[in-house]
Each structure stands twice: as C-alpha cells, then as structure tokens.
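There are two complexes below, and they share subunit A, which is joined by subunit B in the first and by subunit C in the second.
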Partner chain A sequence: MSKNIRDKVAIVGVGACKFGENWDMSREDMIVEAAYEAYADAGIEDPQKQIEAVFCGAVYPNGGTGEVAEALKLFDRPISKLSNYCETGTDTFRYGVMCVAAGMYDTVLVVGFDKPKDRGVSGPSVSFDRVRGLPATPAGWFSLCAARYFQTFDAGREDLAKIAVKNHHNGTLAPKSMLKREITVDDVLNARIISWPFGLYDCAAQSDGAAAAVITRADLGRSFRDDPINVKAITIAVGANPQSDPNFDFLSWKPTQVAAKDAYRQAGITEPFRELDVCQVHDCFTLTEMLTYEDLGLCKKGEAKDFVASGVFELSGELPVNTDGGLKTFGHPTGATGVRMIYENTLQLRGQAGERQVKNAKLALSHNIGGAPQACGIAIIGHP
Partner chain B sequence: MAIFASDGRPLPQPTPTTQPFFDAAKKRKLRLQRCPRDGFFYYPRSRCPKCLGDDWTWQDTNGLGEIYSYTVDRIAHDPAFRAFAPFAVALVELDCGPRMTARIADCEVSDLRVGLPVEAHYEDVDDITLVSFRPRTA
Partner chain C sequence: MSGISAYGAYVPYTRLPLATIQGRPAKQGGPEKAVAYYDEDAVTMGVAAALDCLTGFDRNAVDGVIFASTSYAMAEKQGAALIAKALDLRRDVSTSDVAGSLRAGTNALRSAFDSVSAGSARNLLVIASDCRMGAPRGALESKLGDGAVAFLVSDSHAIATFEGSHSVANEIQDLWRIQNDPYTHTWEDRFVVTEGYTPVIVEGVLGLFEKLGLAPGDFTKAALYAPDARSLGGATRGIGLAKEQLQEPLFGKLGNTGCAFALMLFAHALETAKSGERILVASYGDGCDALSFQISEHIEKLGERRGMSGYLARRTAIKSYDTYLRSRSLDPKEWVAGGDPGLSATVRFRERDADLSFVGGKCTSCGQVHFPQPRVCYQCYAKDQWEPYRLSDKPGRLLAHTFDYFFPAPEPPAIMIMAEIDGCHVQIQLADARPEDAVLDLPVEFAFRKIHNAGGKANYFWKAVAAES
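Moving on to the complex of A and B:
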C-alpha cells in the first residue's frame, strides 16, 4: 500500500502547446512551447538554475531524453524518459512528484509529448496476438466491452453519444484543443462505424502535442506564486491484459478501481462524487468514459447512463468531467495526455479556465488508463 | 518476424506450448489445457493462470460455447483482412469454462447477439489450421 504523499508537493507552473496535426512543428518545438509557458507561469526566469531535473513522458520516440535536453538547453542534470502505455503522462508526473517529495530536488520540470501524426497511421501499430491471428486495434479492444455492457445494463449507442456531444462542446471552449465543433447525438449515431458500436465520434482524436508542469516542494510553493496547487494523491495500478485474465468480466476497468481506492485513501476522500469538484478522465472512447464514471465510484455500476442523461457531468452540472474536451476533442498525444489533464485541472483550481470555468473548484481528479487496458494512473490535486 | 499466408494474412507461429492446440485444430478438435484444480484455461501457456501449477494436461473439449461480447471490424486496418470485412470478433464463453477471443464465421453481422450459441469452426490456411466460431448448425 502506498504511503501518503498528500500536501508535500506543489504545482506552480503549467503550460501546453496547441494540440492538433502540428505538421509545422517538430517535437522539440512543441516541448519548448509547453515548457516555456510553464516557466513563465511559475515566474521562472532562469531555468538553467531553477530546474534541477526533468521527467519526460513519451510513447513513440525511441530516444527522448537527449532531444528534451537539447530542446530546452538543459544539460548536465538528470533527465529521464518514461513510457507506460496511454497513462504515460500521469506516471511521468508521478515520478516527478515522488522525487520532490523524497527531497532529491526542490524544483523539477515534468513534460509529456508525442507526435504520432508523423507516423502515417492513426493509432498504435496493429498487433497480432499469439494463436488467434486476429488484427487488434485500440478501438477493437475497447469495443469488445460494449456489447456485454449494453446487454447487462440496458444501455446503447445513444447513451455513449451524449458523452461525445458533451466533450465536443467543452472542446469548443478550450483555446488549445484540436477539434472545435459542436455535434449532435444524431451526428454521432449516423457517423461511419469504426469498430461496432464505436462510430467516428466515439473515438478520441489522436493528435500531436506537448504539456508541461513545474513542481516544487509544497513549502516553497508561495515563493513562485500566490496560488500554488498541492498534490493530494498520486498513484498507478497495473493489471493483466483483459484478454489473458480469466477473471476479467469486460464490464469494468479493474486497474481504475484499484487506483481509485488508493488515491481516495491518500487524499482522504470518502465520497468522491460529493467531494470532487472537477474531473478529467480517460475518454479514448465514449464507453471508456462511461465505465470510468462507475469504476471511479462517481456512481454505482450500471448507473452511468442515468447520470449522463441527467447532465451532472456537463460543465453546468454537479461534477463536470473533461472540461477541456478530453482526449475526444482536446486531442490525445499519448505521452502528453496525463500532463495536459494536470494543466487543465490546475487552471480550473486557480479560476483561470475562461468560458469553461467550473465554479469554486477546490479539488480535482485526473485519470489515465493505458494498454488493452492494463494500467491506470490517477492524480488528485487541490487547494493547499 | 511474422509469417504470412499466401493470401497475405499474418499467421500464428506455433511454439512448443501451442503446438498441440494447432495439431488438434488440424483434426477438427478444440483441444485446451486443463488444470487438475482449476479446470480448462485458454490461451495456451506454460502454467495455469489461477494456481500457477504446471501439472496440466491437454484435453479435447466439445467446442461449444456462446457469444459473451463482440465487436465488428468494418475497416480491416491490415489490407489482408479487407476481403473479410465486415467481420465479427467475439469473446466466446466455452461450455467448458474459459473465454476465447475469435472471429465469428458464417454469420451475418445483423445476426450477432450476446448469448448466440456457437461452435468451433476450422479453416485450413496453407500449413496451419485457424480456429474461429460459427453459429451452431445443430
């Protein structure tokens, strides 16, 4: 069981480049844009002296640390690169937080980035699994849960569609999001099918992008700015591939349930729906967001469709989820996504989220899953 | 390194652990490993996924099951699968216990449903036999 990390580390700067098909930017360009925005946000004028170590997260590049060092001209100091499926960003943030909490460094930079659009395919490489000879894509892995979930809880494509409509609306209010277009439930239902029951609008927008955060010891937070945001919980859980786990019922994300329990314990949360003010969750597909509501304990198993229909997760609702459009419309540059969630939650907690601002946000959760899915990372941040 | 069939599809390559599965498939039998404590398991592996015991044996099953969940691939990312699209990929819950992920053959997409009774179906591709499932005929 993890030890408590609550209120030991503060977020004092966040930044992100615009997410999208960034043909005119290299990885280094995106890293520089995100990191320098985070520096300015933290009031850091001399990163050479003030940034003691860098943690970077990326899934696609083979290298990583050298390009970050050269892009930021931060040499002769520790730089590490992490990869942990699509929850790479949250895990990268976790490593930075743990190092600061351990007293290794006072102030470090966390940067997540990926540039998948240059690869010429719109998802991870198609893989083939052992004896089955079946093509498998992320849409295929996740959609396998849907028919069973629909049958068990009397849900359907129209329930998922409402999630896509919500996230498309939120994305129109986020200046740096990839897609800025309102859609309707009919648009979702009539779009071409990718992997049943997922149509085009049930799938997240894979994109290029980078996001960064400057974190420091909690007691130093106010030396950077008046409104530092504290880390309340940070954890991950990794389980078996659902395909090889004989006990996986395809109705819930086990690693999410395990990580959520640990994160709530760290943060001292007993009633997540009532206590949390805003959430960013991993909506690689609409169904992923639907199951995540339940596995995070925001509602009971099978209740998600009723909660969605009631509007509680919309910007004007009781617990807004994916306020910046989520992976669906803000974009999903794999390694950047978890750090982008920290970026959005930090803006929300400071009251700097513009038109998408959630009123009186004091406690925010971000949730990333990765793999088929096998891994889940959760961060909870809030007012000191 | 993938091995490709004459029609372009990548083919599974049997290992010492999986060879008996493919040998049985060639003879139109669905043969799986069975642990003396925890029963049948799939996919083939060196130890029981529940107790980690290695005293399992290969045993024939009746090859019957029903669809637990499914999806339909209408795009076929790999060009070699385009001739098959749209095709169903299902989790089949076998009568003998474990679930197998497999293609569903000889079935209209509109006929797919959770709970559909299916039986093992065998397709010879070059030197290997692939196992899929199809709606029960009897």
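Moving on to the complex of A and C:
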C-alpha cells in the first residue's frame, strides 16, 4: 500500500505548446515552448539555477534524456526519461513528485512530449513483427470490452457518440486544442469504422505536442506564486494484459479500479462523484471514457450511459469531464497527455480556464491508461 | 499389405464464380472454382486436409510426412517439416517434399506404399495440395482450382488396399511454370490433349490393367485427372470405361487442383465406397501414374470426417474480381516494402511451438491453461510448472470481437476475437466469416492460416473459424 503523499508537493507552473499536426515544429521546438511557458507561469527567471532535476516522458523517440537536456540546455543535473505506454505523462509527473516529496530536490521540471506525426504514417502503424495478436491497433485493443459490455448493459454506439460530441464541444473552447469542430451524434454514427465499434469520431486525435509542469516543495509554493496547487494523490497500477488475462471479464479495465482506490485513500476521498469538481480522463476511445466513469467509481457499473445521457459530465453538469476536449480533440501526443491533464486541471483550479472554466473547482482528478491496456496512472490535485 | 487407412480432404471456403471473372453477374448454382483465400496456401490447405485425415487417429503413430505440391512457395525450405510442426507430430518423423510435376501427389503416394511395404515405416501421412494460378483473365484461370487431400498409408487396417501401380514417363512441354513466375502456362490446347494427355493416360491405365490382369469392368469407380470435361471424355473412351464408372470430376465446382486433383476425386469416391469394390486412380503430368485399390471391410469402421462432401458444401462466393485480385496480391499497391527481412528468425524459432503447433501450457500446480506458455502462472503463481497443452484441436468460444478496417485484407474488416479455450484466453482472428457471423459465445475451432507475407515469406499462425455443428 502506498504511503501518503498528500500536500507535500505543489505545482507552481504549467505550460503546453499548441497540440496538433505540428509539421513546422521539431521536438526541440515543442519542448522549449512548453517548458518556457511553465517557467514564466512559475515566475522562474533563471531555470539554470532554479530547476534542480528534470523528469521527461515520451513513447516514440529513442533519443534519450539528451534530447530534453539539449533543447533546454539544462546540463550537469539529473535528467531521467520515462516510458509507460499512454500513461507515460502521469508516471513522469509521479516520479517528479516522489523525488520532491523525498526531499532530494526542491524544484523539479516535468516534461511530457511526443511527435508521432514525424513517422510518415497516418495513425498507428500495423505491426508485422509477429504473427500472433494481429491485427494489432489500439482501436482493436480498446474495443475488446465493447460487445460484451453492450450486451450486458444494453448500451450501444449511440451512447458512446454522446461522449465524442461532448469532447468535441469542449475542444472548441480550448485555445491550444488540435480539433475545433462541433459534431453531432449522427456525425459520429455515420463516420467510417476504424475498428468496431469505433468510428473515426470515437477515436482520439493522434497529434504532436508537449506539456510541462514545475513542481516544488509544498512549503515553498507561495515563494513562486500566491495560488500554488497541491498534489493530493499520485499513483499508478499495472495489471495483467487483458488480451491474455484468464480472469478478464470484458466489462472493465481493472488497473483503473486499483489505482482509483489507492488515489482516493491518499487524497482522503470517500465519495468521488460528490467530492471531485473536475476530471480529465483517458478518452483514447469513447468506450474508454465510458468505462472509466464506472471504474473510477463516479457511477456504478452499468450506469455510465444513463449518467452520460443526463449530461452530468458536460461542462455545465455536476462533474465536468475532459473540459479541454480530452485526448479526443485536444490531441494525444502520448508522452505529453498526462502532463497536459495536469496543465488543464491546474488552470481549472486557479480559475484560469476561460470559456471552459468550471465554477469553484477545488479538487481535480486526472487519469491515464496505457498499453493493451494494462497500466493506469491517477493524479489528484487541489487547493492547499 | 500396405494400403490407405484414412483419408481427408480440404476445399477452401471461398469460390470464384466463373461469371465473376468474365465480369458478369454470378448466378446461383453457376460454374465456379475453389480458391485459396488470402490467408491460405498449399501449406495451410495441406494442414487442413491432414487434420481431417487424422480425425480419430493418434497423431503420435505417424512416422512420416510426404508433402506433394507444385505450388509450395519455398524453393529451398521444406514444406513437410513445417506441416509436421503445425500438426504437432513426433519430433522423429521423416519428412520429404515431392514437387515439380502434376504427378507429385501420386508419386508421393507410390513411394509411401513402397516404404510401408518395405517395413521402413508403419504409418505415413501423404498430403497433396495445390494452389496454382493462371494469369488473370487468361484461359487457364477459369480451369484451375485449389484444394488438398491427405491419406494415411499404413501396414494394417487398410480401408483401401493398394494392389499395384503402373507408370509412364513422357517428356513433353505441354504445361509448365518457371521459377519466380507466379503463373502456370500451357501450349496450345489441342496439342496438349492430342499428343500429351489422352494417349499418355490411356497408355498408363492400360499398362496397369495388363500388369494386374484386370479389365475396365473390374472397377467400380475411376478417379481420373483431366484438364477439362472434353478431354476426360476422350480418355474414358480410350481406356474403355463406361461413363457411370467415372468419379464425378467436379468441373465447375472445384476446378483442376493440380497434383491433388485425381487424389481428391479418389477421396471423394472413398466416401461412398463399399467393401469389395475396386477403384482406379490415374494422374497425368510428364507421364502418368495409374494405381489400383481394393476396398476392404475396414472402411465401415472409419470414423466420421468432413471429406470432400463436407468441404464442398461449405462455401461462399467472392463478390468481385477485384476482391479476388486483392486476395492474391495481384492488385497494384501504393507501398511495397523493399528489403524487408521479415520476422526475426530467432523469435520464430523460439516461438515455434506456440506459432506453428498452437501449443500452450497447462499449469501442473493449479490446472490453468495458458497461451503462450508463460514462466509464472497467472492463477497460482507457480514457477515453471507446465506441461505442453495443444489448443489447435480443442473447442473454443468467442468472448469478444472487433472488426478492424485497417489490417490488410482483400475484403476488410479483419475480424479479431478473443477466444476462450479450456479457460485460457487467446487473441486470434476469425476467418471465413463476415462481421455478422461474429456473435458472443459463438463456438469456434481452429485452422492453420497464413497471417502475412513479411519478408516475402508466408508467415503462419492459427485462426478461429466457426465450429461445424
């Protein structure tokens, strides 16, 4: 069981480059944009002196830590690079938080980035390095629960479509999002199928992007700015691959349930739906967001479609989810996504989220899952 | 006395109506040919026929495999060893390939009888499989079909006792395929029939009659190779057979399946053969092999199998000629991978039990079956407590599915399912199916199929297919 990390670490600066098909930006450009925005946000004028260590997360590049060190010219200090599927961003943040909480460093920079659009393929490539498990695409992996979930709980593609419509709307309100286009349920249902039940609009927008956060000891937070945001919980859980787990029930992603339980215990949350004010959850596919509502305990198993229909997760609802458009429209540069969620939640908690601002947000959750999926990371941040 | 103790056949599920080739709408019941679909080839069809043949037999009793084909993809690398692995046979089986002639199937069968008669093996599995291509819209394309047949040749319990054979070697360039050319070619039809097929098959069969002291009337059925219906008529008259003695040649249903053709007709004849009857088999290609078999009382005890009838009844028609071209990779592609070495040979080598034999592990500590076999058990966490567990012959059930529109397939989507097999969950494709066929809890069985051609080589694994009820 994890020890309590609540209120030991503060977020004092966040930044992100514009997400999208950044044909004219290199990884260096995106890392610099995100990090320097986070520096400015934290009031850091001399990163060479003030940033003691760096944790960076990315899935696609194999350039190592040197890539971030060279981009930011942060040398002669510890820099580590993390990769943990699509929850790389949250895990990278977790390492930074643990390092500060352990007293190793006072102020640390966390950078998540990825640039899939340099690979020359549109969407994930089909892998031919094996014969088993093909076709192998994320859409195919994440659709595994669909048929049985639909049958068990009398749900269908039209329930998923409402989630895409919501996230498309939210994305129009986020200046740095990739897609800014309202869509309808019919648009979703009539789009070409990628991997059933996922049509084009059920799938997240794979994009380039980078996001950064400056974190420091909680007691030093106010020396950077007068509205620091505290980390209340940070955890990850890795479970069995659902494609081979003999106990998998095709109704839920277990690592989310395990990580949520641990995160709520760390944060002292007993009624997540009531206590949380805003959430960013991993909506790589619409069904992922649907199952996540239940696996996070925001509603009971099987209730998600009714909650979706009632509008509680919309911006005007009781618990807005994916206020910036989520992976669906803000974009999903794998390593950046978890840090982008910290960025959005921090803006929401500070009241800086503009048109998409959730009123009186005090406690925010972000959730990433990755792999087949078998890894889940959850961060809960809030007012001190 | 050596003879055939079991037979099996395979006809691909997919048929190409001849009207579709000519760009006309296909009529129900119109002429068609069987085509190996994009995930099938001579090897996968051979495995399917062998599995049918071995129904109810102990695979460990098989001493050797002889694989006959003119269309096996590798010029250097044995097909029989691959097939033996897919069938999960004993490691000490003898394996050999016979190729190069449309007589390869009967050549293989003859040498199996010789081996068994000589006492060097007790049970030999002979497989003939062909998947020949005529050039698109050429004359041969409509005639050639794909299929496979398998026989277990044994020293006892023969359902069909081998009585003897006669061969003729004849040099003629009537039909040929040059290495690296995907297409079979032929000289002018009338030359082939007048100087090649008709006189040579008649000479072979009459030679057999003389050798064994038999006459046309001694045979209940004759399974004769023929390039087409018209030339079959000529050969029948030349041999002196009555029309009723001919095993139905399946023109317009199956097509000419090359070195498997006469033997597939033979397998079809065995389905209804009665004790005491006699069957003539004759193949043609660079000469002729003629063989005579007498049916024994053991045929009544042979267990149920799908055979030709079962597989002929199971069919779906390709909707368009373009789909056929895509299924054979004959369509132009935007992206052609160059210099791709393909799958790592070391990984393939390490994973051959899983990939080719579809063998997983059963935990001897808690009984959990797992595929592929891990080191540590998912259920009881015991380490290295495994016994091999073959999944290819076990029934499965569809747990989950998705339709993938991106995986290269002639008719997307590719159907990916999770199958439950004895408590083990396996991610696998569903073949010979349309999306509406994939329903939760569908009973499935497993077929050896080609997954892709990375590295220019056929790469195989198993797929699920709807179980025959």
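Keep in mind that, in the parts below, the second predicted complex is superposed on the first by the 373 of 384 C-alpha atoms of A that agree within 3 Å, B and C clash if a C-alpha of one lies under 4 Å from a C-alpha of the other, contacts with A are read in each partner's own complex, and residues count from 1 in each chain.
Keep this in mind: a residue touches a chain if its C-beta (ideal position, glycine included) is under 8 Å from a C-beta of that chain, and two chains touch if they have at least 3 such contacts.
This one's a predicted model, so the numbers in the text were calculated from it and none came from an experiment.
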{"item": "First (subunit B), second (subunit C), both or neither touched by A:48", "value": "neither"}
{"item": "First, second, both or neither for A:310, with subunit B first and subunit C second", "value": "neither"}
{"item": "Partner chain(s) touched by A:246 [first = subunit B, second = subunit C, both, neither]", "value": "both"}
{"item": "Partner chain(s) touched by A:184 [first = subunit B, second = subunit C, both, neither]", "value": "neither"}
{"item": "Partner chain in contact with A:146 - subunit B first, subunit C second, else both or neither", "value": "both"}
{"item": "Those residues of subunit A which subunit B touches in one complex and subunit C touches in the other", "value": "123, 126, 128-135, 137, 139-140, 143-148, 151, 193-197, 243-246, 250"}
{"item": "Residues on subunit A engaged by subunit C in the complex (per definition of touch)", "value": "123, 126, 128-135, 137, 139-140, 143-148, 151, 192-197, 240, 243-248, 250"}
{"item": "Parts of subunit B lying in touch with subunit A, wherever the complex brings them together", "value": "2, 9-12, 14, 18, 21-22, 41, 43-45, 49-50, 67-78, 81, 89, 91, 98-99, 101-103, 109, 114-115, 130-131"}
{"item": "Residue ranges of subunit A in contact with subunit B within the complex", "value": "121, 123, 126, 128-135, 137, 139-140, 143-148, 150-151, 193-198, 243-246, 250"}
{"item": "Touching residues (chain side subunit C, partner subunit A) in the complex", "value": "343-344, 347, 354-355, 368-372, 378-379, 399-408, 413-414, 416, 418, 423-429, 435, 440, 451-452, 454, 459-461"}
